[in-house]
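Read from first to last, the chains carry the letters A, B, C, D and E; within each, the first residue is number 1.
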Amino acid sequence: MESLSETAYAYLLLAPALLLLLVIAVYPLIQTFGYSLFADQLTGSSRLGEFVGLQNYVALLTGARNFALPSNFLPNLTSQFPFIKNVYSSALMVTLIFTGFSVLFETLVGFAQALVLDQDFRGRRWVRVAIIIPWAVPIVIQGMIFYLMFQPNIGFLVGTPQDPAFLNQIGPLSISYTPLRNTADSLFLIIIADVWKTSAFMALLILAGLQSIDRSLYNVARVSGATKWQQFKMITFPLILPTVLVAMLFRTIAAMRVYGIIETMAGCTTVPSLSCLVVTTFNNSLYATSATVAFITAVLIGIVVSVYIVKFADAEGGF
Amino acid sequence: VSTGGGGGGGGGNTGTSTPISTKEVTEDVTVQIAGDTRMGDNSKAFKKALHDAGLPDNITVEIIAGSQVTNNRQNQYQQWLSGGRKEPTLMMMDSGWTIPFIARNQIQNLTDALPSDMVNTVENEYFQASVQTAKSPDSGDLYGIPLFPDFPTMQYRKDLLRNAGYSDSDFNKWATESMSWKEFSKVTKKAMEANQDIGNGYTFQASVYEGLSCCDFNEFMTSHGGAYFGNPEKNLFGPIGERPITVDEQPVLDSIKMVRTFINGSKDKHSLDGYEGNIAPSAVLQWTEEPSRKPFTGGDAIMHRNWPYSITINGAEDVFGKDLGVMPIPYGVPESEAQYPMTGGPVAALGGWHMTVNPNSPGKKKQAAVKVLQALMQEQFQLDIFGIMGWIPPRPKLLDSDKAKQVEVIGRYLPQLKVAGENAIPRPVTVVWPQQSSKIASEVNASYAQEKSPEQAMSDLKSSLKQIEQSA
Amino acid sequence: MGEVKLEHVTKRYADVTAVDDMNVEIRDGEFVCLVGPSGCGKSTTMEMVAGLTKPTEGEVHIAGRNVTNLPPKDRGIAMVFQNIALFPHMDVYDNISFGLRLRDFDKEEIDRRVDRASDIVQLEGMLDRMPDEMSGGQRQRVAIARAIVRNPEVFLMDEPLANLDAKLRVHMRTELQRLHKELDTTIIYVTHDQAEAMTMSDRIAVIDSGQLQQIDPPLTCYNEPANLFVAGFIGSPAMNFVEGEVAENGFASENVEVAFDPADHGLTVGDEVTLGVRPEDVYLTRDSELTTPTQPIDAKTDVLEPMGDEIFVYLLLDEEAGTDLDDMAGDAFAGQLLMSVAPDSEIEEEEDVDVVLDRSRVHLFDTNSGEAIVHGITSKMPTTSADETPAEGDD
Amino acid sequence: MGEVKLEHVTKRYADVTAVDDMNVEIRDGEFVCLVGPSGCGKSTTMEMVAGLTKPTEGEVHIAGRNVTNLPPKDRGIAMVFQNIALFPHMDVYDNISFGLRLRDFDKEEIDRRVDRASDIVQLEGMLDRMPDEMSGGQRQRVAIARAIVRNPEVFLMDEPLANLDAKLRVHMRTELQRLHKELDTTIIYVTHDQAEAMTMSDRIAVIDSGQLQQIDPPLTCYNEPANLFVAGFIGSPAMNFVEGEVAENGFASENVEVAFDPADHGLTVGDEVTLGVRPEDVYLTRDSELTTPTQPIDAKTDVLEPMGDEIFVYLLLDEEAGTDLDDMAGDAFAGQLLMSVAPDSEIEEEEDVDVVLDRSRVHLFDTNSGEAIVHGITSKMPTTSADETPAEGDD
Amino acid sequence: MPGKTRPDGGTNVGTRQDAEIHRGPFERWVNKAIKNPERANRAMFYVATIFFLVTTLFPFYWLLVLALTPNNLITDMGLVPKGFNPEVFVTMFQRVPFHWYMFNSFVLGIATTAIVLVLASLAGYVFGRLNFPGKSVLMLAILAISYFPPAAFFLPLFELFTGNLAISIGPVTVSSPDLFNTPAPMVLPFSALFMPLSIFILTTFYGQIPDGLEDAARVEGTTRLGALFRVIIPLSAPGVATAGVLTFISVYNEFFFSFLMNNGEASSWAPIVAGILKYQGQFDTPYNLMAAASIVGVLPVAILVIIAQEKIVSGLTAGALKE
C-alpha cells in the first residue's frame, strides 16, 4: 500500500472521510440545491411546487421575497451616506455585525485566556476547567442564563425606570430597560453571551497551539535579546498563527450561521440573522425559500472567509 | 438513484380519508401518543383515566412526552408526517397550527374516518371556537378532536384592591360581568395609589412572539371591535388572498393607543383619551408568559393577564389562595358597538390542543386509536383529567358540573372560564399564519415601544400581510 | 568588558549534578574552550552563563556585574546552540537578522551585516531558503551566522562546527579567530575536537562530571596535564598509562620500568604511581634518535592503523593480553601500548620490536588521587651516571 | 545479503540538484564512508537508500532487489539520523526499543538487546530519562543505540559521532567496527571526520556537488586521489597545490619547480598542470633524509601552529603574499605552502628556511579538467642524472 | 550595556555595538514589568486569572442561584438565592430521567468523537504532510461544507435515515434502512458536519511535526500510518485532544439533528438538551429545574476536560525536536 504513489496514497487515506462527507454532506446539499429551484408549496401533500429555475434566487436578492422572511435579507442601499439605511433591519447586516464583533472579542479574550492557561501555577488545572467550561454549556441554557439576567423584574442586570441598574446608567453604552426587544441592545447582549461561551473555544485551540511550540526556540530568542513582547511577536505569534487562523476561520463560519443563542435570548424577529431566515422559513414549510437562503448564506460565508483562506495559504506556505 | 426529491413530497399520505373500522380490537395493540410533558409527567393517571373511561385493556397507550416548545413540535410532526412515519398513531396538535396540517392533507380526516355520531358530538357539544380550529376551512370536515381549550383571564389581588376600597361585591360582579378597559385602568390606577409599595399595576405579555399576535394583541384589538381580516365569522381561516386586511382600521389603532397609554401615560403622543396611564411597566414589551407572571406571583403586581395554568399557581394556598381574583378580560367597546361579529365585548384568545390521527399508521393501530379517541371524549375522562392535569374540559357544560367545581383552586373560577370560553376568539390560522404572525408581533411591539406611530405601524403591517396573502 | 566569572556555580537536576561548584575566571577578550566527555556539563555551564538555566548555587558575573538573576537579553551575549534551533518559520535571512531586527537596526545595516555573515559561513545565495530545505551543515552555519552578526560582549558557542566537513571547519575556525581578534570579544567555546581546542583557544577548560579539572593554555594542558583525567582526555589518540609503583631506582611495573631517583621528585619508595606517555613519545629503538630514552621495552606489534600521515601501532607487552582497542583509549594499562610512527616506517603486524620512551616527555601521576607529580623525568638515573646505558631493568 | 546499488540516481529540488547521476555499488558487508563538503548531497543519498526520499531519476537496489518504490520498513535498514530525531515523548528505553517493539520481540529479548546497546553507547542507568533531560552527546548515543539494537541488512549512519568527545568517538568507532565484523552488515557511513573515514571504512566515497568523485579504499584516496577535488578534500590539513605548466625539464611555476621528463608521464610541454603535495611531504632541507627530494625551495616561515604531536608551519614563498590561513585550505596556490614538522623541531616564526618536497609523493593534475595525471614522480630528472644536485631552478 | 569602543577593523561583521532595544509604550510597559519580572509578572498574571475566573464562572454561579431558588420565588433576583432548595437536584431526576439523557449524549459524543478523530487524523495527515494534486481544492471543498446551516442538510438526510430513499440498481430496488430513533442518524451527520473543523485543526498540528521524526519511525519499521499513530499523533496530543474535546462538546450540546432524528424520548437516544426541555411546560418554565439540570449536565464535560487537559498541555519538549 505504501508503494503507491504519493497521490494515490493520499487519496486512499482520504477515502473514508470523503466517502462519509459525500453521503452525509454532499448528497444532501445537491438535493437541497434541487429544492431551491422549485416554488414553495404550502398546501397539498407535496413539499414543493413547480420548477421555477433560479427565480427564488432572484426574488431573494431583489428583496421581492422579504415578506416571507422575519426580516429583510439584504440591506436597503441608498445613494446617500451612510449608504445603508437602518443597519439592523437586514439579516445580512445583523449577521455581519455579530460576526465582526464576536469573532474579534472572542479572539482577543481567547488569546488572553490561552496565555494565562499556558503558565505554570498551582491549581492551573482547575482554572483551565473553569475557563473552558462555558463552552460546554448547551445553548438553550446559555440563552436562559442571559435571558433571565436581562429580564426586567427577574435579572439584576436590567432595572426599571424607577430603579435603574448599573447597565442602564453608563451613558452612551447603557442599555434600555427592555434590552431584549430592541435589536441594537439585544445584538450587543447576544455578542456578550457568545463571547462568554465561545472564547473558550478559541482559548482551547490557541492553548493547544502554544503548547506545540518547540520551547528551545525561546531560548534562542532570549539569548538574541528578545523581550517577552518580542518573543511573542516574532516567535509565538507566527508559530501559532495557523492555529489562530483555523480557530478564527471556524468561529467566523459559525458566527455567520448564528441562530441558537438568538432564538433563546431575543428571538429571530428582534435579531434576524441569516440562519434565522433559514430556520424560520424551514419551520414555516417554505422549503424552497429555505434552501435558497441557505445557499446564498453559504456563498456569503464563502466570500467572507476567503480572507482567511488567503491568510492561511500564506501562513501554511501553500494550501 | 431515485429519491423523493425534486417535487420532493416524501411520504405518501394516502388514505387520509379512508374510514377506520370501529370494530372491537381483539389482539393486544399499543398506541403511541405524541403528547406533551404534562401528559408525560402524569402518564400513569392519564392511562388509568382512559381505561376508566372505557378503553379496552388490550389496548396499551404509550406516551411520548414531546417538547413544549411548540414550534419545535410542529416542525417535528411536519417531518414525521411528510416522511410517512407510521408512529406515533395519535398526535396532540396545538389549535394554533392544526390547520396547516389539514391544508397539507397530512392528518386523518375524521369526518370521513369516524362514525358520524362521534363527529356530531364534537360539533355540537364542544366549545365552538375550539372546534373551528380543528376543521378544514375549505370542506368543513373535522380533522381533530379538541382535547382541551385554553382561555386567558385577568387575575388580580383582592387584598390589594380591598386597600383601594373595593369589596367582595365588586369582585363577584366582575367575575362574570366583564368591565371595560377604561374602568379597568381606573381600578388599577386606584389600587396602585393605594398600594405604593407594589411595583407593577397591570402585567401582560407583549414581547415579539407568537403570543402577542395570537393572543394579547388579538384580545386588545378584538375587544375594541377590530379584526385582522374583516369579519371573523367569514374570514378568519381564509380564503387567503381574497379577504380584506383590516389592521389599519380605527378600532385596531385605538387598541394600540390604549396599550401605549397603559405603558406610557398620557404624555405619549399617541395616547387614548379617557384611560388612566402608567399602569403597566414597559417591561411587558419584553415579557412572555413566565417572566410576566413572576412579579405577580412574587407579590409585586396587581393585575395579571395569563392562562389558567397560572391560576393554579397563583391561587395555591401558599401564594394568594382566596385572595386571588379572576375575571374575564375587559372589553374596549361593547359587542353592540363593534363593527364585526365576534368582536367587541369581553374576549379571550383561544389556546388549547387537539388530538389527531396519523393516516400512515397501520389499520390495526388506527382502529385502536379510535378507541382511545372514544375514551378521550367521555365526559368522565374529561372531568377526571381536569382534576389531574388541569385540562379544561372541552365541553362548556362540564364547567357547570359539581365534579369540576371540586377541582382544587381552579374549581373556584369556573364561571369566569366559562365566560372566557364563550367569548373565545381563535387566531386566524392558515398556512401563511406563521409568516403573518411574526410580522404582526414585530410591528405591534414596535408601535407599543413608541418606535412607530400606530398608523405607520399598521399600514406597514397591512402591506406586508397583503404581500403574504398574495404569495400563497 | 566581557570578563566572565563563575563563582561556586552548581547546577543540580533531580538525580544528577550537572555542574559542581565551578569556579572560573575568564578574562575580557579571552578565547576559552570547554572540553570534556559527553554529559560532563559543558552545555549546562554555557546555559548558566547565558542565563537560560538558573544555577542551583553560586553566582555568575559578566563584565563585573552579578548577572545571576538577569534575563539573557540583558547579559550582552550571543550564542550558538548545540541543537542549532533555527526558527522554522523564518528563512535564512530572517533567522540571521533576528537579533538585529529586535534592535531596530536600519535596513541597510542589517543587509550589510547579514551579507557579511553569510559570506563568512559560505551561505551566499541561500538567504531565502527555509531551514527545512537545507542540509545539516548548512543549518549549523546559519546558526553561527545568527550569532556573529551581533556584537555582543561574550560569544557562547556550543559545538558550532560539529556538522561541518574538515575543510569548512578550518575555514570557519580561521574566521572565528579573525572575528575574535577584530572584535576583541570574549568567546567561550565548547568543542570535542582537539585540534579546534588546541589551535583556537587561549586557554582550555577541562571538565569532568561537572567539575573543572584544569584551565590552562592548550600546550600546558597537553604537556603538563594536571591529573590523570586531563592527561587521558587531551590528545588523540590518548596517552598510554602504565600503573606501577615507586621502587628504589625509579618507576617499576610488570612490563615497563623507568629509572630515576625518587627523591628528586619528592617520591618515596612504595608510592603507587601511574606512568603516562603519549603515543608519539614511544619510539622503535631501532629508529630512535632520542637523547634521553628509557630502557628498551620488549613488545610485539598487534594491529596497525594507517592514518595517511602517520601509522598507529598497537603494541602488546604482555603475551597473553589481546589488543583491546577500546581499553586502549585512555583506560588503565593492560599490557598494551599505542605508538605512532611515520607512514614510511617499515613495520608489520605481529612483529617483535623493541621500543623506548622519551624520558623527558614521560609523566607520573599519583594513582590514587590522580594528581600529576612530574612532567618529564629530569633526574639522573640513580645507579650509573651516564646516559643510554642499557643497564636499567631489562625484562 | 546487503549489497546496495545506486543506478543513475538523481535528486532534484526546486532550485538545486542535491544528487546528480550517482552510480555506486556497495558490496555486501562492506563499510563505506561518504565524505564531501557540507551540502554536497550525502544525507540526501542516505535518505534515498533508506526510502525516505524518492529519487527524481534512477534506481536503488538493495540485496539484489529494486527497492526504489519500497517503503523504508521493507528495505531492511537501520539508520542514525544526522539530526538525531529521538522521539521526544518516549524515554530512552522506549526510544531504543521502538523498532523491536514494532516487531513484537518478546520482552526479555528486548531487554537483553537494549541493555547490550545501551552498554555499548555507555548509557547504562539512563534508560528512564526523557530526551530533553539529556546532553547533546547523550542524545546522539541514544540514536545510535536505537539503530544498533536491530539486525538490519544495511546500516545507514549519518554523522553518528558528531557530538561526541574524542575519547568516546574512539570507543564508539571500535564498537561499530566490532559490530560490523560480528553482524557482517553493510554499513554506509557519513562523516566529516577524516580519521573516522580513514580508519573505519573499506572504501571512501568522495562526493562533491552531488556527484561521486571517487570511491576507493582510504589509502588509495589519500595517496592516489582521482582529481584535484579529492586531493584537496582528503587529508587534513589539506594538500598544497601549486599551479604551473609543463616545461621541457619538468614542472615549472613561479616559486616551485620539479624536474622530470614530461614524456615519461605522457605530458607535453605547455600543458597546464597543478602540482599537489601534502604538508607532511614537505621537509626542511636541513632535516631531510629523503632519497628523492626535489630541489630546495626558498621560503620564510610565517605562522606556527603547534598541535601537540606536530607543528604546522605556514611558509611564504613569495615575499609579498601574506599568509591567508583560509586560502591555504586547499585553494589554489598563492605563494604559500603548509608543512608539518615534529614537535621538537627547532623552528621559529619569520625564519628563512629551505624546504624540499618528496618527489615520490608529489601529484600532478590537469589544471583544467582537474583529473589526476601522476601520483609520485618516478621519472628521472632529464638534465643531470644524479640526485640532490642543487642545479635545478633555485629562485 | 556599557559602551565600549572597539577598533573598527572594517571587515568585521558589524561595526556598531548592539543597539539598545527600541521600545514602544506598550513594550515599555511590558519591559518594565520584566525588569522586576517575578513580582510584576505574577501580579499581572493573577489579576488576569482572577478576572477570567470571575467572568467565566459568574454565570455558573448565577445558574446555581437560580437552581437553589424555588421556582415561584424567581423574581427580582439578586446575587444570592432567595430561599434554599437543594432538593431541586433530586426533583430533577424524578421529573425526567435526566441521567439517561446524559448517558445518551455521552454515547453519541464518544461515538462521534471516535469517528471524527480517526477519519480526520487520516485526512489531517494527508493534508498536513503530503503533497498531491487537488489538495487545495479538496480542502476548500471540505471547508465549504461547514458554510451551510444544518437545516440545509436536514430533509434529504431525514429521508435517507427514515427509509424513504430508494436506490434502484437494475431490477433490484434497495431502500435505505429506517434508523429513526437510533443513534446512527445523529452520529453520522454529526461526524460529517463536525469533521471539517477537526480536519483543519489536525492538519495544522500534524503539519508542524518535523519530518525527521516520521522518517525515524519509518526507518525503524513502521508504515506511514504506523508513524502517524505512534509518533505524530502522540506528539500532536494537544491538537488531538483539543479536536476531540471540541467535537465531543459540540455533539453533547447539538440540538437540531438530535431533536428531529428521534421522538425525544430518553429510550430513543434523545440527548441532554431534549432532557432539559422536558422540564418546560406549555407556558410554565421551571427555571430552577432547568438550571439544576444544566449544572448536572455540564459535569461530565468538566470531567472530560480535566482528563483531556493532561494531553492538551503535554506540549512538545525542547531540544529533542532538533530541526
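FYI, a residue touches a chain if its C-beta (ideal position, glycine included) is under 8 Å from a C-beta of that chain, and two chains touch if they have at least 3 such contacts.
The shown structure was predicted, so the numbers you read here are calculated from the model rather than taken from an experiment.
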{"item": "Reaching subunit B from subunit A through chains that touch each other, fewest steps", "value": "1"}
{"item": "Middle chain, criterion being Cα centroid separation", "value": "E"}
{"item": "Farthest chain relative to subunit C (centres taken as mean CA coordinates)", "value": "B"}
{"item": "Centroid-based (C-alpha) most distant chain relative to subunit D", "value": "B"}
{"item": "D-E compared against A-C, more contacting pairs", "value": "D-E"}
{"item": "Inter-chain centre distance, subunit A versus subunit C - centres from mean C-alpha coordinates, in Å", "value": "63"}
{"item": "Subunit B and subunit E, separation of their C-alpha mean positions in angstrom", "value": "42"}
{"item": "Centre-to-centre distance between subunit E and subunit C (centres being mean Cα positions), rounded to whole Å", "value": "54"}
{"item": "Geometric centre distance via CA averages, subunit D-subunit B, whole Å", "value": "96"}
{"item": "Shared-contact residues (touching 2 or more other chains) in subunit E", "value": "18, 21, 34, 74-76, 154-156, 210, 223-224, 277, 287, 314, 316-319, 321-323"}
{"item": "In subunit D, residues with contacts to at least two other chains", "value": "71, 73, 83, 136"}
{"item": "Subunit A: positions in contact with at least two other chains", "value": "2, 31, 35, 47, 153-154, 214, 216, 219, 225, 227, 230, 239, 282, 287"}
{"item": "Partner subunit A, residues of subunit B touching it in the complex", "value": "3, 5-10, 12-13, 71, 74-75, 78, 82, 100, 103-106, 199-200, 207-209, 281-283, 285-287, 291, 294-295, 300, 431-432, 434-435, 438-439, 441-442, 445, 449, 464, 467-468, 471-472"}
{"item": "For the subunit C and subunit D complex, residues of the former touching the latter", "value": "13, 35-39, 42-44, 82-83, 133-138, 141, 158-159, 162-171, 174-175, 192-195, 198-199, 218-219, 222, 232-238, 278-280, 305-309, 325-326, 329-330, 340, 343"}
{"item": "Contact set on subunit E toward subunit A in their complex", "value": "18, 21, 23, 26-27, 30-31, 34, 45, 48-49, 52-53, 55-57, 59-60, 62-63, 66, 74-79, 115, 118-120, 122-123, 125-126, 130-136, 138-140, 142-149, 151-157, 160, 188-189, 191-193, 195-197, 199-201, 204-205, 207-208, 223-225, 236, 238-239, 241-242, 245-246, 249, 252-253, 255, 272-273, 276-277, 287, 290-291, 294, 297-298, 301-302, 305-306, 309, 312-319, 321"}
{"item": "Partner subunit A, residues of subunit C touching it in the complex", "value": "47, 50-52, 71-73, 77-79, 81, 83, 85, 87-90, 98-99, 101-103, 130, 146, 150, 156"}
{"item": "Touching residues (chain side subunit E, partner subunit B) in the complex", "value": "72-76, 95, 154-156, 158-159, 162, 164-168, 180, 259-260, 263-265, 274, 277-285, 287"}
